[in-house]
Structures are given as C-alpha cells and as structure tokens.
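First comes the structure, then the notes that go with it.
In this document, chain identifiers A, B, C and D correspond to the written order of the chains, with residue numbering beginning at 1 in each.
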Amino acid sequence: MDVFFQQLVNAIVLGATYGLVALGYTMVYGIVQLINFAHGEIYMLGGFGALTTYLALPSGTPAGISLPLMLVGGIAVSVTAAVIMERFAYRPLRSAPRLAPLITAIGVSVFLQELVRNFYPHARSARNFPQLVNPDYQIRLGSNVQISAPQLLTVTVALVGMVTLSTFVRRSRTGRAMQATAQDPDTARLMGIDTDRIIVTAFVLGAALAALAGVSSGLQFGQVDFHMGFITGVKAFTAAVLGGIGNISGAVLGGFILGLVEVMATQYAPDPFSGGAWKDAWSFVVLIIVLVFRPTGLLGERVAARA
Amino acid sequence: MHPPRLVRIAAPLLIGALVLSACGSKKESGGSSGNKTLTIGVVAPLSGDLSAVGNGIKNSVDLAIKQANEKKTVKGYTLTMDAQDDTAKADVGATVAAKLVASSGVVGVVGPLNSSVAKSVAPVMAQADLVEISPSNSNVDLTGRGALVTGGTQVRPYKSYFRVVASDDIQGPFAAQFAVKTVMAKTIAIVHDKKAYGQGLAEAFAKEATKDGATVLKTETINPGDKDFSATITKLKAQKPDFLFYGGEYPEASLLTKQLKSAGLKIPLMGGDGVQSDEYTKIAGAAAEGDYATALGAPTDSLASAKQFVTDYAAAKYADPIGPYGAYAYDAANVIIAALAKSTASGSKSGQALRDDVTKAVQDANYDGITGKITFDQFGDTTVKVLTVYQVKSGKFVAAKTDTFK
Amino acid sequence: MSVLEARAVTKRFGGLTAVKDVDLVVNEGEILGLIGPNGAGKTTFFNCLTGMETPTAGDVTYKGAPLPKRPDLITKAGVARTFQNIRLFNNMTALENVIVGRHTRTKAGVFAAVGRGPRYHREERESEQTARDLLTFVGLGRVGDELAKSLPYGDQRRLEIARALATDPGLLLLDEPTAGMNPNETAAAIDLVKGVQARGIAVVLIEHDMRFVFGLCDRVAVLVQGQKLLEGSPSEVQSDDRVIAAYLGKPTEAETAGDKQ
Amino acid sequence: MTSQTIPEARVRSAPDLGVLLTGAGALLLVGSALLPWAGYAGFPGKMTLSGYPGGARLYVLLLALPALALLRPLPGRAAALRAAANVELAVVALTVYFVAYAGGGFVNVGGGVYPAMIGAILYLVGSRRLPTSEAVAEGVALPDASWRFPVESLVVAGTAGLALWLFVIGLGMPSSSIASGSDLTLGPLSINDVANSGQFLAYVITIAGVALVAGRLGLLKSLTIMTGRHPKLFVAAGFIAAAAFPFTQNGSGESLSIAARIGVFAAAAVGLNIVVGLAGLLDLGYIAFFGVGAYFGALVSGSVTSVTGVHLPFALTIVLGGLVSGIFGLLLGAPTLRLRGDYLAIVTLGFGEIFRITVNNLDGSAGPSLTNGPNGVSNIPDLALGSFNFGANHTLFGIDLSFQSNYYWLELLLLAFVMTSFLRLSESRIGRAWVAIREDELAAAATGINTTRLKLLAFALGATLAGAAGTVNAHVVKVAAPDSFTFIESATLLAAIILGGMGTVPGALLGATVLYLLPEKLRFLHDLRLLVFGIALVLIMRFRPEGLVASKRRAREFHDHETDPAAEAVA
C-alpha cells in the first residue's frame, strides 16, 4: 500500500505542474478560442527569467530573499513575452481564418526556443538551476511515504496559484468581465467591456501561472533547458482538454488526472504495456476514452458557442 | 511627389552598404596560396533537443581540421568542414547525405549521432563509396552484427561505414561483468530511455548480468526529455535493488541519479559512454558520487593528447560543451585526415578515385587517437576491445578498471 | 390523403416541456401555417420533425412510413426544411449550394469521382441543370456564381428554399420564410410558396406575419406554450378568441415577434 | 496588342525624360550584368566572370528586362516599371553590400558595380517620371482566331518551363556551409555563407519582383485566363517540366533528394488537405498515417531487419500500404468524429503520439515484436522493376542521372496521382458534400448529407493517400524509424497546407516547397536557421493569413469586391 500512496504523492506533484500550465491554455482558449502552442515556451521562459534573477543577485543572498525575487523575475519575463506575443503575433490575426493563428503559434514556439538556445549564455544544454530548497529534505507522510521539500513547494505554489486565479476570476470586476467575454464577446463589447484588455489579461494571468510552474520545476529538478516547454506544453494542453477547455476547475482537474494516469500507468499498467515508455500512450488513451463519452471534457467547456 | 516607401528604405540601405563596406582594405587575390581544398563533412543534429550533443561532435571535428591545417598534415591541401544538420531525423539524413555526396570536394564524413539516421545516411554514402565514420552509433545492425546475436553470419551492409565506438554487444556485457564480478551487485535494476542506443546497451547488459548470476529486475523505461522520474523510482525502490544500470545519455541520467538518491535509494548508477561526460557530474553534483560509466579504450585522461584536446577545445571557445561523443568525433576526423594524407601523398587524385582511396586507407587505419588505438575490422567495427570503467570520485570520472573484453 | 402525420409529439428539455402532445396532419399539396407567440415551441416542433432533435415521446409518419431518426435520412425520405436564421454554405456559390441539395438523389462515389466515367459526367450535368432550373424557379437565375454570403438577405432565403427543393421533397418545412423581408420581397415570397405548392409539394410554414399566413395558407394551426391550441381554416383561426387572447395576453412578445430574429 | 492600349499616353508622343532615363538606366544595368562584380578571386557564384551574367547578376539582368515595355505604351507600364525599379534597386544594393562585405571592403568590388549603381538609380528616377495613365492593365484577351490555340499553348507551356527554370535556380543554389580552415573565413560565417545568403535573398526578392511586374502588366491575369482555358495542357506541361528536372542536374543527387522529399511531403499534404481543407477536420496527428504506410512498406520490403520476412512486389505494397493506413483512419475516425473542432484536434494529436509510442515499443521487450522499436526497420533494399534497379545511377540520352532521379520520378508519379485524385474529388459530389460539412454541419445534414459517413470517408481517404506516400518514402530513406513520426512532422504538414492556402493543390505544393526548401536553403544561417524559420512562419501568417495561394473560394472571401477573372475574360 505504501507504494500506492507514494505514487499518489508523485502523481499530485506531477499533476500540479500540468494543472498550473493548463490554466494558461484554458483561459486563452476560453476567450479567443486559440490553441496557444507557444504557452509551453512561456513556462520555459519563466524558469530562465528566475535563473537570470538569481544570477543577477549577489552571491550569498539568503534563499528567503532570493526566492521571492526569482519568482518575480520569472513572472516578469513570462508576462512580458506573453504580452508581446499577443500584441504582435496573435492580435493582427483576430479576423483571419481559424487555423492561421495555429501556425503562428507554432512559429512563435520555435522562435522562442531558438532564441533561448542561441542567445541565453550556455543554454544549449541544460543549465543548472540553484536548488535553494534541498531535495534531500524529505517530509515523511507515512512509514514509507515521503515528499521532498521542493515537491511540496511545487504543490503549494500550484494550489496557491489556482486558488488565487479562481478567486480572481469569480470575484474581481476584471474576472467577471473575462467570464462575460468568454460567454459572448460581442455582447461583452456592447456592454462596454474592453475585450482587447481582457484578452491581454488572460494572456498575462496564464503567463504568470506558467512562470510559477517554470520556477518550481527549476527548483525541483535543479535545471532548466530550452526545450522543457514542449513536452509540458503538450501535456498541459491535453489536461486542459481533458477537464473541459475554457473551464478553470477543469484544467486543474485535468492536470491532476493526467498526472495520476501517467504515474499509475508506470506502476500498475499490465505488462508489457507498463513503464515510462507507455505512460504517455495511456494518457492519450484515457483522453480519447473520456472525450468519446464526454465530448466536451470532464467538467464541460465554458466557451462561447460560435457558428 | 513623395518617394515610395521602398525607395525610402532602399536608398539609405544602398548608401549605408557603401559606407560600411568602404572601410576595408584591398584584398590580395588568389586566396590561400594555390592550396587545393578538401572537405570533411559532418552529419549531426545541430538544432533541436539533441543540438548540444550534435554540436559537440561538429566542434570537435572543426578543431581537428583546424589543427591539421596548422600542422599541414595533408600537404598541398587546405581542409574545410561542411557540417549538415540532420535534425535527428532519418529522412533529413538521406537528404544531407545526398548533398555531401554531390559535393565533389567532400572526401569523408563524420557522423551521424543517431543510429536511426545512420541507417538512411549509410546507404547513400556507400553508393558513392564516401567514407563515413560514426562517433556514436552502437546499433548492432549497422555493421551486420545483428546476425551474430541470432546465430547467423555477419554480412557488412554498408561498405564505407565505420565506427569508433563499441557496439552494444560489447560495451553492455563488459559493464555487466564489472557490475556483477567487481561491484558484486546482486539485485540489479535496469532503466533505459527507449532509444536505440540506450535500449541496445541495456538489453546487452541485462543478458550478460543474468548469465553471470545476478538477479535482474524487470526493465523500466523513461522518456528522453522527461524530468520527473519519481514514479519509476518509487516502483524500483519497492523491489530493493542494490545497483542500477541506465542505458541512455547524461541529461536524463544525471537527473535520474539525483532523484534516486533524494528518494533515499542510495545505490550506484552505471551507464555507458553516453553518461561518461563531465556534464553528468556537473549536473548531478554530489548525487553522482560513486556512480559508474564505461567507455571504449584506455582512460583518456591518462593520455597527454586527450588532456590537450580538452584544453584546446576550451581555448577555441565553442558555444557547446564537448559532450559524450566529442572525443570520438575528434578521433574519427583525425582518422579521415590521416587517410587523406596517405591517399594524397602518392600523387594528385581527386573525385571518385580519391574517395575510393580514402575509404581503403580508413579500412587499413592504425591511428593512435585520444580514445586509444583505432583500427577497424572487415565490417567497419572498431577492433579495439579495451574498455574502461570509470567511477565518480570527488565530482570527477576516475578510471576504476581497464580491461580487454572477452 | 395525408403526407405527414405527427401523433402526440412531446419534447422535454430537463424540466421544461417545449412541445407537449402535439398532433398534426399535413395533407398532400396543402400549405399549412404554424403560428403562435414566441417560445411556443414551433421551431422545436420542426426540429423534432426533421431529426435535429429526438422527440421525447410520440411518433411521426411520412406517407405512411415511420420517419427515420437521422436528419439526412429524413431529407432522403422526402422532408426538407429551411432555418429560422438562414444556414447556407456561405463560401460556396449559389449554384453549388443548390447542387449540394442533389446529394441524396445522386450516387457518384469516390471511385466514380476519381475515375470520371460517362455516367459520372451525365450525373454531374443533370445535377447542374436541375440546380440551374431551381435557381431560375426561385428567381435567382442570374446570381448562380455569386458566393452565398454575398447575396442580399431576401435572396439568401430564396436560395435556401431552392436548396431544399433540390432534394426532391414531398414536404417542405419553412421556418419564418419572410423574416427580415420588406413588403415587396414578402409579396414575392407568397408567389414562391404558391409555386412550390403548384409543384405538388406540401408546405408547412412557421410565420409571424399574419397577413402572409392568412393570405396564403389553406389551414392554420396555433401552438401556445408547446400545445396545439386549435387548428382550422384561416378564417376560423382568425376569429377565435383564444388565439387573440394568446397573442394579446403577452402583447410585448407579440410586438417584438415580427422584427426580432 | 489589344485595342485598349491606344489611349492618352500616345498623345504626348515626344520621347519624354522618364522614358529616356529609364531606358538609359536599364541599358547600364544590362551592361553591368556582363562585367565582373567581385574584384577578387575566391568569391563564389560566378560573380568574377566577365561577359557572363553569373550569380546575382542574372537577377539584375532579369529585372532590367521590363524596360522593353518602353517600346510600347502598354497600360500598367509605369506601375510595372516602378515596381521593377524598386526591386532592382534592392537587389543591386543587397548584392553590392554582400560582395563588398565578403571582400572586406568596397575597394574590392569589381568594375560592374559602378554602372549597376548608377543604372539602378537612373532606372528608379526615370520610372518615377513615366507618364501614368489611369488604365489598369487588363488581362490580354486574344481574339478567337485559328492562331489562338498554338499561341496560348506556347505561353502556357512556356510558363511551366519558366517555373521549372526558376525552381532549378532556387534549388541549385549552393547552400552548403563550408567553414573553418579556409583563410576566407569571416568570423562565424564563411565567404560562401555570406555569398550564398546574399544570393538567396536576391533570388527571393527577384522572384517576388517578377511576380509584381507581371501583375502590374496584367500578365498574371492573362495567364490565369489562358491556363483556365487549357487546364490540361498546363498540367501536362508542368508535369513534363517537373519530369525533366533530373536532366538539369549533371548527375548530382543533391537537389533531387530535396525535390523528392518535397514531392513526398506534398503528396501527404494534399491528402491532409482533404481532411482539413475540404472537410474542415483539424488533424494534428496526420503523420501517423504516413507512418503506418512507411512501416507497412518497410515490413514487406524483404528487408533483413523486418520480422515478417515477406517481400511483396512494390506495386502491391503501395496499394496495400494505402489500404492499411485507410483502415487505421477509419479506426480512429469512427469513435471520435462526434467531437467538435479542437477536441478532434487533440484526439488526433493523441493518436499520433500513441502511434509513435507504439511503434517505438513493439520490439519484443516492451511489447509484441513487430517494428524493432527504436531501431526501426532498416536496410530496406532498393526497388527493382524488372532489370531496372532504382538504386543505381543511370545514363539516359547521354545524360548522367543519379539514382535519386529514379525515386524522384516515382514520387512525381505518386504526386500526380494524388493531385488528380484530390482535384477530381474536390469538384465532385463528394467534395461538395465535404465543403458543405465544413461550412455548416447541421445544414449539411438537413440537406441530406450523411455527415458521419462523409467525415469518416475524408479521414479514410486522407489516411490512404498518406499511407501510399509513406510506403514510397520508406523506400527512399531506406528506414522506417519512430523519430520520423513526431508531432512536429504533423504540425509541419498542417503548416504546409495552411501556408500554401487551404483546399488547393497548388497551395499544398507551394506550402510543402516553402516548408521543406526554406530550412534547406537557410542552412547558411547555421544555428539561427530555426529561429529565422519561426519568424518566417509568423510573418507569412501575419501578411497572408489566407495562405500564399488562396483557393477561389477563399480569395473571394478575402477580396469580396474583386470580380472573377473568368467572368472578365468573357466580357
């Protein structure tokens, strides 16, 4: 049983990152129906932003100071990139055929990866990320079940991020305007909502959460690299769809389910279809099964129905 | 009348171009004093996930060529490099191979990194009898060794294909013998990255380890590019192994060993030449202490030339690290250069005749490289059966045992 | 003789009953008007007849045989329709829109299309000819090569009718055929519907323009809150107090009914 | 040429300053193209030869040719010449810059540079002073006479030939990145890199310029009319031109290898076009069907690494490969076609990944033994048709042909078949039904279309064509390995048809060309290659969101008020 609970912990940690990144996909999709394939790169930039901040700080800065600053730095870089991306790559394509922005997104994704690879010093292979939170520090949850400090941090950051976001969207004026825009952008515009601003807000919030995920991933694994966004991005997108795209709770749920499927498939899937080599296949099989029975995801989508 | 936009842009461009280019000096015509040029091609992934490893190969070849030009190793010729990005894909590999074959100045090729790419590159090279030396392919089929495993006769599939690394069926068993007989591992966990190199190595290891009497747990797999291996580690931990063999390369291996030890599974990790890299110890830090890796040849750091290579590489300030195959690529390039020196010495040849000669010369090569002595058997495999096991001590790979594989 | 018989058709959405126990018989060659205040369930009833919605209860027969379940099979059986908010294939030409209507009456499959034998060519020619005739019939003979979406509103409604006619229906269901039309266009629409009737096709139409309904229809059925209030000749319906009450009872809706949508 | 050309321009008949300046500029440019531009040896691209317009000088010459229009006051002449002069200035400036930069200073340029610069400026100034008439060039409508057919045929065939010629120039341009060792190295870039990048840029600009000039002179419209009148001839001429390509290669396989790659991916892109362009189903895992074909082809090729040991004749392989792939299309399609737009996209993406993971695992250790896992099925033998071995170099009509020509022709045939199928389908009852579904699924169902069946059909047919292309590709690259079927490959194929213009054959062709040629030609950029590629994708979508070749429908969608050229031709 210990193994099961340990794997559960592993699943929650993995799912937390997926969920956090999935939120960015879901918010942008909910409002502009754009699959922002470059969102994974925003996550990657968050990690590099934090690394840069760390390197800029005088050595010996206590973790209590550098860690919050790194978060701020990571968020700043991700948000800036997302805003620029929205303004110059996506906004001009609002009225273009539906698939054009998809290609733009792929282009932006390639561009950002290569930008980091070529111009960030020594980023061609993975860069070591300061392990400010000691991974050897294990918190015992049971006789043989444990969670390491950085893993706990990842989960905490994710939960705080998710709760903050959902409170923001439900309670704040801007949040309600976002919901309105997602439901019916034309009416929202008539009601005096500045939809451009709302769309930017969605990008900004998504980027900030992705940056949080990027930084906590850096802390957890002790490295960041230029292609870390691709796999996480695809997984997060899957999570968002699994939960019901456009649906904020859905993204979180989707993230955790995806984490659970991957981890449990590694441990329990019948031989020879178990292990890391098959786990992603299992994720997609679960996704396909879910969508066959619930065509708009587990919690249903929250997107304006547009003809 | 306003000038059109293009004029407003183009006119300053024209003027700017002239101003910029005006400050220069008259160039001597003739270029490089009548020297003829020969080119060594490189096929490796220079972009994407594997670009760091691929560029390590490219840079090492570049270094070899620069040094050969300085020393005038190939008299009467200037060597150049033509590096082609295969993007780690077989079909791109076929295209760049055709490109190199078509370029008449190309007389030898180093690469590719991946065995699957090699399988589309080698046929094109063989067609033109253009010599190709891979610094990293270990797949048994490339030299027909696959038939040996199943009990058949070995037939060479690609007549101009060579490699300077050991194939999986040598390195894997060598590592297994060390693990079982020297480290005295009893219960061995095996993990690989499900790539041709990692899987081939891990399977060969498992076979030998079982034969030697160790208990080998069911092989686990991870995905290249993944960072979170906690699920695999939890699964392994429950089976209480005392040794872990990893088939794959250092980026994943270093994360794996770190997470392994954080999770409290404090057993040594052993890998092949894809792990034996300074990057491994750099990323894994203290967690790598006590881990093992094998590599072909006698310990490189005991050779002055190998130390010199590392120094020279650093001095050349390349953007990418040497990587696991840089040293092999450097040797591969030097084998081709030596073959060129031999082939051109007997008189001026060019085109196909030269390519044929170089291929022959490589076949007969007997070269003291930084990874050891290099000679090839009739199938293109290195005949060197000397391998070394390294262990991480105080953050560095140190030779633990050098032996001849039997 | 009846073309369509609907017996006790009921449609519930969760707790809401949109259509309740509606019986309706359409006779061959007649024009039947379906009126009622907004939200009376007229369009839902249409959707139940054409397979867009599955009725919760009740059954429908067309020319004596039970109506199939899927929209395309219903169309194939002979019931065609138009939509309240026009649904054309916007980026196809008017002619192509109508040719698509021939889909169920033609056969060419993949191999015929790639191989292009004489039979294929004959079928294509026939489809195009039929489509051109129908365009002329609805008065759009000159705009066949225009994109559907670039046509004026009234023409789009006609085009939708032409497309429906191309399926060779025995019964045509028109959902607010004059919505958004000016008086001239409405007058022309009367002629068009009569023309359709003259081709031997029965017509059921949902309409808010009472003059149009009472001027055109042979019979009128009134739907209120999902139930059939009454059915009869235009004069009977016109003089029935309950109908007036049903409309006047909710004057605001009755007023907006005409110009909304 | 036509009666429309007479108006006012002729009234001011005195040779005016504009005409003189433009003519003088053009003459200077032509002259300069025959003089050497690089004053030092070692500059590649034949820029040092005199009396021969080598390298970028060819483009300079080409862009001076529109000045011939000065002889007749054609409508649109002034606009065309202005465009030509603008582009000419850009090409001259660019080329001079690159020659001077590579040479280490302006002092090293050759004698041709000076007249070129003066000529370019005169050309520009002169063209700005040309009398402008309001008349916009219309397409030339030839009268219905007995000589019309031969003339039009010649023009149509000539266009196909010209297109090939331009393609040959583009493909044949050296792109190798020879670095190190040479004393001509310029920092990170070699002299070849600099020269090649300059020439490639000049080439791209020139092509755009020629298209611009042709448009201004109404030639494009004429061409549209003529090809519209002789579509079969145009296609045949294009096919012959494409088939003649290997004869221009002097026995080299380099360009053929790229062209063959473009061909096979264009074929797959056309197949994807059925699914996405016609039926409107977004498919992000399409490469899996290509992979099914490739693996099938590899497994029955008689390769020693194939576990089946079966060796089927190739003609049968390609048909069966298509069928097997089509069955996979049905298997995927059946449960998922209810899904709307982007949900379908993620499911197809998932299917693509499942395929890749599965073939990576079916090696006997992590699953049943079938595909050799990550090693793939390799050592695929060369095709042989009777005594004709596809793997050998041949000589035909005294011209050496590399073995890649054989595969190139094979893929050309495949492409021709796929294109014909697509075109015929798209204009048939089935194709119209697909478009109807794309436009409005509910209305399509109400019009009698069995939407589920037709969507399945689209999936299956798209998969079949991809499968056929895959079997061919397996024989060309000699290995079927999992790395070749990643999500990026699907995305690239999708990008090809969106970039080219959805739902059109020329679009898929052009898109595949751009996406597979551009990275090849950008090799001189070394590490910046993908960076520039990413920017290029963003920019193309920014400025032509409807794709490079918009379909007739889409063109009208975007430019509603423009009238149909065919209608004009009749008028």
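Operating definition for what follows: a contact is a pair of C-beta atoms (placed from the backbone, for glycine too) under 8 Å apart; a residue touches a chain by one contact, two chains touch by 3 or more.
Please read these numbers as outputs of a predicted model, since none were measured by experiment.
K.L.:
Based on the averaged CA atom positions, which chain is farthest from chain B?
P.N.:
Result for max centroid distance from chain B is chain C.
K.L.:
Where the CA atoms of chain B average out and where those of chain D average out, how many Å apart are those spots?
P.N.:
It comes to 35 Å between the two C-alpha centres.
K.L.:
Provide the C-alpha centroid distance between chain A and chain C, rounded to the nearest whole angstrom.
P.N.:
Each chain's C-alpha centroid was found; their separation is 49 Å.
K.L.:
Enumerate the residues of chain A that touch no fewer than two other chains.
P.N.:
In chain A, 114, 117, 275, 277-278, 280 touch at least two other chains.
K.L.:
Which positions in chain C touch two or more other chains at once?
P.N.:
None at all.
K.L.:
Of all the residues in chain D, which ones touch at least 2 other chains?
P.N.:
Within chain D, residues 360-361, 365-366, 440, 527, 530, 554 contact more than one other chain.
K.L.:
If you go through all the chains, which pairs of them touch?
P.N.:
All chain pairs meeting the touch criterion are A-B, A-D, B-D, C-D.
K.L.:
Within their complex, state which residues of chain A touch chain D.
P.N.:
Listed in rising order, the residues are 29, 33, 35, 89, 92-93, 96-97, 99-104, 106-115, 117-118, 234, 237-238, 241, 245, 272-273, 275, 277-278, 280-281, 283-285, 287-288, 291-292, 295-297, 307.
K.L.:
Which residues, counting only chain C, touch chain D once they are in their complex?
P.N.:
Per the stated touch rule, the residues are 50-52, 70-73, 75-76, 80-81, 83, 87-92, 96, 99-104, 106, 108-110, 112-114, 116, 120, 123-124, 127, 145, 147, 150, 163-164, 167.
K.L.:
Please output the residues of chain D touching chain A within their complex, sorted ascending.
P.N.:
276, 282, 335-336, 338-340, 342-343, 345-347, 349-351, 353-354, 357-358, 360-361, 365-368, 440, 487, 491, 494-495, 498-499, 502, 527-528, 530-531, 533-538, 540-542, 545-546, 554
K.L.:
Give every residue of chain D touching chain B within the complex, in rising order.
P.N.:
Residues 40-42, 82, 86-87, 89-90, 92-94, 96-97, 100-101, 103-109, 117, 120, 124, 128, 175-184, 190, 252-258, 261, 304-305, 360-361, 363, 365-366, 373-376, 378-379, 391, 402-404, 473, 476-479, 481-484, 520, 523, 526-527, 529-530.
K.L.:
Quick check: in the complex, which residue numbers of chain A touch chain B?
P.N.:
2-3, 6-7, 10-11, 13-14, 114, 117, 122, 124-126, 128, 135-136, 138, 146, 148, 151, 217, 220-223, 225, 227-228, 230-231, 262-263, 266-267, 271, 275-280
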